[in-house]
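Next come two complexes built around chain A: one with chain B, the other with chain C.
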Partner chain A sequence: MDRVVLLVRMAIRNLLASPINLLIGGLILFGTLVFVILGGLLDSLNQSMQRSVVGSLAGHIQIYSSASKDELTLYGQMGSDPDLKAITDFPRIEEALSKVENVKMVVPMGVSGALITSGNIVDTTLEKLRDLYKARDGKPSPPKLAALPRDELDRRIVSETSHMRQIIKVLRGDAEKAMTDMLNGTAVDPYNLEALRRVEHDEFWADFEKDPYANLEFLENRIAPIVTDTSMVFLRYVGTDLDKFEQSFDRMRVIKGTPVPRGHRGFLIADLIHEEQMKLKTARRLDKIKDARANGRLIATDDELKRFVKENRLQTRELVLQLDGIKTQALTKSLQDALGSKETAIGPLLSELMTTTDENFDQRYQQFYGLVVPQVQLYRVNVGDMLTIKAFTKSGYIQNVNVKVYGTFAFTGLEKSPLAGSTSLMDLMSFRDLYGYLTADKAEELKEIQKQTGAKTISRENAEDELFGEGAEVVAEATAGVIDPDTAMSGAGRKLREEDLVRRVYTEHEFNDGVVLNAALMLNDPTRLDETLARISKLSDEQNLGIKAISWQKASGLLGQIINVFRALLFVAVAIIFFIAMVIINNAMMMATIQRTQVIGTMRAIGAQRGLILSMVLVESMVLGLLFGGLGMLAGSGVLGAIAAKGIAAPNDVMYFFFSGPRLIPHVTGAPLIIALVIILFVTVFSTLLPAVMATRISPLRAMQADE
Partner chain B sequence: MRNAILLTLSLTLASPAFADMTKEELGKLLTELDDRQRNGGDYKALAYLEQKEKDKADVVREVMIFRRDSDDKLVMLFTKPKSEEGKGYLRLDKNLWSYDPGTGKWERATERERIGGTNSRRSDFDESRLAEEFDAKFVGDEKLGKFETVCLELNVKPGVDVAYPVVKLWVDKVNHNILKREEYALSGRKMRTAYYPKWQKLYSESKKAEVWFPGEMRFFDEVEKSNSTMVLMKSIDLSSLDQNMFTKAWLESKSR
Partner chain C sequence: MSAIVTIQDVVKEYNLGATVVQALRGVSLTVDKGEFISIAGPSGSGKTTLLNLIGCVDTATRGRVEVAGKNTAELSERELTDLRLNTIGFIFQSFNLVSVLTVFQNVEFPLLLQNKLNAKERKARVEALLEQVGLLTHQKHRPNELSGGQRQRVAIARALVTDPLIVLADEPTANLDSETGQAILDLMKSLNQQKGTTFIFSTHDHRVMRYANAVVRLADGKVLGRESPEDAVAHAMGLETPKHAEVRTP
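So, the complex of A and B:
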């Protein structure tokens, strides 16, 4: 012990004796500083991303069928969803998993996507009109309309008819303009023009009530195709037990509307999708300009904001097409007053309103939301609407499902993240309808139809030989058959009654007792994730559950590997720094040893053993490393602390996910400090070994000769 | 008159000077191929559809097809399996609508719509409109199995919306039935090969002549090579249809 104290004291005394030591110390300090700061940032980033992934979709562990063709990746693989085999006995799996120690909750899931097309403005207006007429005439119609009294239905029919006539007026105006442009080569389809001429006359509307359905079909087939701006939204959704999801993913909060009532079918739209893709484009652009200005950007100098203003000014048609005659008049008057304009046409007035500058923006923004928005539909899908989702089933055919939108939701801190905010939520029953899993009953029915038909399967390779080879007879006489749709249909077919489905309350057993594709597991102690994964894997083998369990990181696919890539890059950078340090330390220590030949020789002459000399040089370099490394760690921790005081702002919306919110708050973690310490000790000792051995070989005689 | 047309067609197809036919003459030939299948009056059929795809369960459907060729109208009503009952398509003018009684919604479909999730298209069930939609050119004489055929290349006319803009047809020289059809995208990529191994004929009162229709159609997907579709016409009836059949209201009423 005395010897160690002596060596340390000697090391400290010699530390500042040589400027070379300061150079070496500086290098160690720099390397440690970089490692601690970047390591701390990466650790914080990793933890933030874990919070995002675990808290928004994955849970701590994901399970899926081990017979799946692909591995589960919750955020898709190269734009497509993985091909997972359906889990058909989820209740058994849930029961087994619930008994695993550390498993808090098992949330059944299935991820899929669908394209929502809503037709153009004429299609949607005519659809409303058709539904109103059907409700008025006592035909099957949406329950919300069927419940309305006759006079309210009549009032709405008049309003929608007026809207339709206004749209026709706009389309006629477009046709007129196209005709005047004919000299420039723009042609008007005479077929369209003929239809427009017919429906713009009062006679068409005067007789409309005589046969509303035939007249609606004329409008649907001849007028609606003239408008080409059909809008589409791609909705990615998770089918899940919504109650369990809400309980497990506590960062989830409803933004608009309400949660789906317990046990009901229903849909919650991701709020970001609702804002980005379902809001009026003009309104969304105004919101973006407002946000950008709040962050110090100016319309006058920012190209993107200039573009938004230009688009708002030119694209007023989507607003004009939403207005009926009465609303057009009212809005024209209020805009004339607000803008002090004498313009009488609504299009130019809206353009004027949208001509925004840094000076008038706030006022125009208020005017838009105060005067225009109350007259139009701000969102294409509203809370309370019935959304028709059309998706490709597992077998490849298309399935449609109506599902009520109860609200929109977001995850706290991830409101702007496109990764966390792009997935909507759907009840598990609707998800199963869309997934189209072939039950044993359905498979039997299909088999029976195939059997009755007795059709022969022919392979592509042999098709021509089998169909047209020797013995093939192509021509045959037919006899007329009786084809009656009323007798051919069983009547027990798929007649989903919208009202019943919306009102029906499902038990937890019903939610669980069906197909799921995967499930999220929430743990009591997330630090024991690996241990829990191993237990589940063992359990699956023992009880033949046929499931595979993976961590949140693996379930997030490429996304989960990003941190590992960054970490690898950091290690490479630090390795380079410390390799350079090793070379420099080695050379410096060699020089230092040569400089101290006399001292070491004298020490050897007065009885110092080689072991003491070796220890002296090594301890000296270790003390040097620990001192400057320690300073580096302190400085690094200080820098991280300073950064943490304010946090690092997410540079864009995508980084919200990695930062688990608008700012990354880094913190010093143990791992980088321990790793830094190990690296420093290794580098200093390894690079000093050769000079230290060299020092032990200095003899007193040689030291004295050197003096002479 | 009909016999005269068939004789002309027969002579035309058998003629060694086929390669020298003008564009107009080839157009006339397409008209004649259409005319063999045209009823002029009403038409209804019960068809069986089967789609096979790798690693997927077979898609099996029964569908009733109602046509009024004089007005270019078409209704398709699915009757089997139960889960598909009441779904359908309605073609009016240039519009193709699809209907799902489960949602009560009508949606616009395009010419590329996969009927009932199979690789068949609306045009496979509708009146043949080759002359109206395509310009033809002669490719050559080819043997298809034991049949001597004439191969034609058809290119879509400007402004016409069809599922595939380029088509190759193999027409039986003896019976004048289309035996094979290859369909291509504009890029030249082959998309689908169709075989018509059974042609049936039925006397039509409205036409006062026989109407030909393919009793069996086999479609092989050329993109997803393992996918194929079979269509069998189980029954045909050429009697008159209800006046109000080609409306949304009629199709809706079938699933009430």
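So, the complex of A and C:
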């Protein structure tokens, strides 16, 4: 012990004697500092990303069929979803998995994506008009309209008609603009132009009443197709047991609407998608300007905000298209009052409203939401709507499923993250319908049902009887995956069937008993993830479950690798620093040993064994390493601590996911410190090994030789 | 008196490339316990070589070297080191103190190597020796803060701290002025008399030889004879060829 003290003391004195040691120490300090700070940041990043990935979709472990062609990647790889083989015996797998120690919950899933369409404005307006005429003429029509008095119906017909004329005016404007923009290559089909000209004339409308149904048909056939901006939104969704999902992913919360009631079919839209893609663009831009201004940005100086204002001013079209006659009148009046303007046309009035500056923004924002929004549909899809989802099934045909939107949701802290906020939720039943996966016997059974119901549902009139009579149960049982709802049913029958499906409550057994693509496993103790993974793999082998279990990191695909890439880069950088340190240490210790030949010889002469000389040299560089490395660790931890006090603000929305919230709060973790310590000890010992061995070879005879 | 060092027909050869240098050519010598003996001879005569063999830092090419009853040819490197640590003390021409250690730590160093005494015992022992060499007040100093004479005293204290049987000193006064050198020799002599430690030192300085009880004269790697200091001085000064060379052979 006293010898060690002596060696350390000698080492410190020797180190102080030579300025090159300061250089080496500086390198070690720098290397350690970089390693501790960046290592700590990466660790924190990894942890926060883990929280994001685990908490938003993946769970701790994902399982999928080991017979799958691709590996499971939850966030898609290169834009396409992996080709997974469906798990058909999920109940057995779930039972086996839930018995594994440390597994808290097994959540069945299937990730997919589809285009959803909400009918274009011409279609919906024409449908409204048709229903109104039908109600007026006493034909079968929605009960709500049928109950209205005649004059109210007439008033609405006038309003919708003027709405239609407003739309035509906008379309005509578009066409004219396109004509002048011919050079842009957006040619106008003369066939369309002719149709627009015809319906623009007052004569067309004057004669409209003569045969409203025929005229409606003309509008449907000739005008509706001109509107190209059918709102198509690509939705990524995960079909899952929504109850279990809510329990397991506790950061999930409903933003608008309500959760899907227990056991029901239903859809929850990711709130970010709802805001970004389903909201009126004008409103969305106003929201963004408001956000930016709250963060200190100004319209006057910020190019993006300037662009938003300009777009809002020029793109009033989406608002105007939505306004029918009654609404146009009301809004024109209220905007004139609010803006103190004499302008009579709605378009210019809206432009005026949207001409926002830093001074009037807050007022205009309120005016927009107070006056314009009540007259229009703010979101293309609203809570309570039926969503028609079209997807390609496994077998390649297009499948339609109608599912009710109960609300929107987000994950706490990840509200703004496009990665976490791009996946919507769907019940497992609807997912299976869309996925079109059926077990062989079920398909057979359903074919039989289709044969029967197909004949019965042909006539619309008796559909109601059929559905509420004997046949009702049969149809409700049917999976849309087999019966194409468009041909099997339409009109009232289709609606009824939809409503029936909406009302239907499924048992957990029903949810489980069917195809799932993958499942998320939540663990009691996430730190024992690797152990649990191994256990599941073993279990799958033993019981022939045919599943593959992967960690959240692997399941997140490239995303999970990002941290590893950064970490590898850090290691390379630190390795370079320490390699340089090693070379210098080696040289310096070599020189020092040569210089100290006589001292070492003397020590050997007066009785020091070789081992002591070896440890003397090694202790010296270790002291050097630990001293400066320790300083580096302290400084690094200090810097991390200082960063943690404020946190690092996410520079953009994408980083919300990696930061698992708006800020990354790094914490000083033990791991980088311990790794740094190991690296330092390795570097110093390894680089001094040669000089140290050389020192032990110094003969005690050298003590006798006078200094030269 | 019993022999503590016995050397018989020792030959030491150095290989210098193709040529072989014979530093010692058949040396025989016996040193008894408690002697204060000087090895004298001109430069290159083999004084240092002989001391190295006695000091177990080198081994003979041929012949027998016995130190404290042990045949050094039969000892391993480790055992030789232990023998040096426990039986022999060294005083060097250029002092060879460890510059990064204090006076106290330099003297304590062999005790730490021995690892026999605890800190308190070591302190007592080191201070006793520093007292004897008159440097107790300098124990916190570093070697470079001391004069040459003081440094050599520290070296003497270090050599004696383990209570060795033999102290070897290769030209201990060569780097000192004559006055200081004499003081050092006085100190060595008094320690020899007090403790009965055997001292073997080399010199080519006739003033130094005077302190010895006996002088072994070397020339060309051979022992010319063992004689009284007076005769040796006379030889060294080239005044007179000794008539009654009293050569003792073992």
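Following the convention adopted for this analysis, the second predicted complex is superposed on the first by the 513 of 708 C-alpha atoms of A that agree within 3 Å, B and C clash if a C-alpha of one lies under 4 Å from a C-alpha of the other, contacts with A are read in each partner's own complex, and residues count from 1 in each chain.
Just so it is clear, contacts are C-beta pairs under 8 Å (C-beta built on N, C-alpha and C of every residue); 3 or more make two chains touch, one makes a residue touch a chain.
It should be emphasised that the depicted structure is a prediction, and the values quoted were computed from it without experimental measurement.
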Worksheet item: Which partner does A:608 reach: the first (chain B), the second (chain C), both, or neither?
Response: second
Fill in: Residues of chain A touched, compared between chain B and chain C (which is higher)
B
Worksheet item: Is A:294 touching the first partner chain B, the second partner chain C, both, or neither of them?
Response: neither
Discussion item. With both complexes superposed on chain A, which partner does A:217 reach: first (chain B), second (chain C), both or neither?
Written reply: first
Worksheet item: Which partner does A:401 contact after superposing on A: first (chain B), second (chain C), both, neither?
Response: first
Practice prompt. Please indicate which partner A:206 is in contact with in the superposed arrangement: first for chain B, second for chain C, both, or neither.
Written response: neither
Item to complete: Based on the superposed arrangement, let me know which partner A:388 touches: chain B (first), chain C (second), both, or neither?
Response: first
Discussion item. Is A:645 touching anything from chain B or chain C once the two structures are fitted on A? First, second, both or neither.
Written reply: neither
Worksheet item: Looking at the overlay, what does A:123 touch: chain B (first), chain C (second), both, or neither?
Response: first
Fill in: Set intersection of chain A contacts, chain C complex versus chain B complex
none
Worksheet entry | Of all residues in chain A, those that touch chain C in their complex | 2-3, 6, 9-10, 13-14, 17, 598-599, 602-610, 612, 699-701, 703-704, 706-707
Worksheet item: What residues on chain A touch chain B, complex-wise?
Response: 69, 117, 119, 123, 127, 130, 139-142, 213-214, 217, 220-222, 225, 230, 388, 390, 393-398, 400-402, 438, 442-443, 445-446, 449-450, 453, 455, 457-458, 460, 463-465, 467-470, 472, 474-483, 485-486, 488-490, 492-496, 498
Item to complete: State the interface residues of chain B toward chain A in the complex, per the touch definition above.
Response: 44-46, 48, 50-53, 55-60, 62, 64, 77, 79-86, 92-95, 100-108, 114, 116-118, 144-147, 172, 175, 177, 179-180, 195, 197-202, 213, 215, 218, 220, 225, 228, 230, 232, 234-239, 247-249, 252, 254-256
Worksheet item: Once bound in the complex, which stretches of chain C touch chain A?
Response: 48, 51-52, 55, 57-58, 77-78, 81-82, 84-86, 89-90, 92-94, 96, 98-101, 105, 109-110, 112-115, 119, 158-159, 162, 170
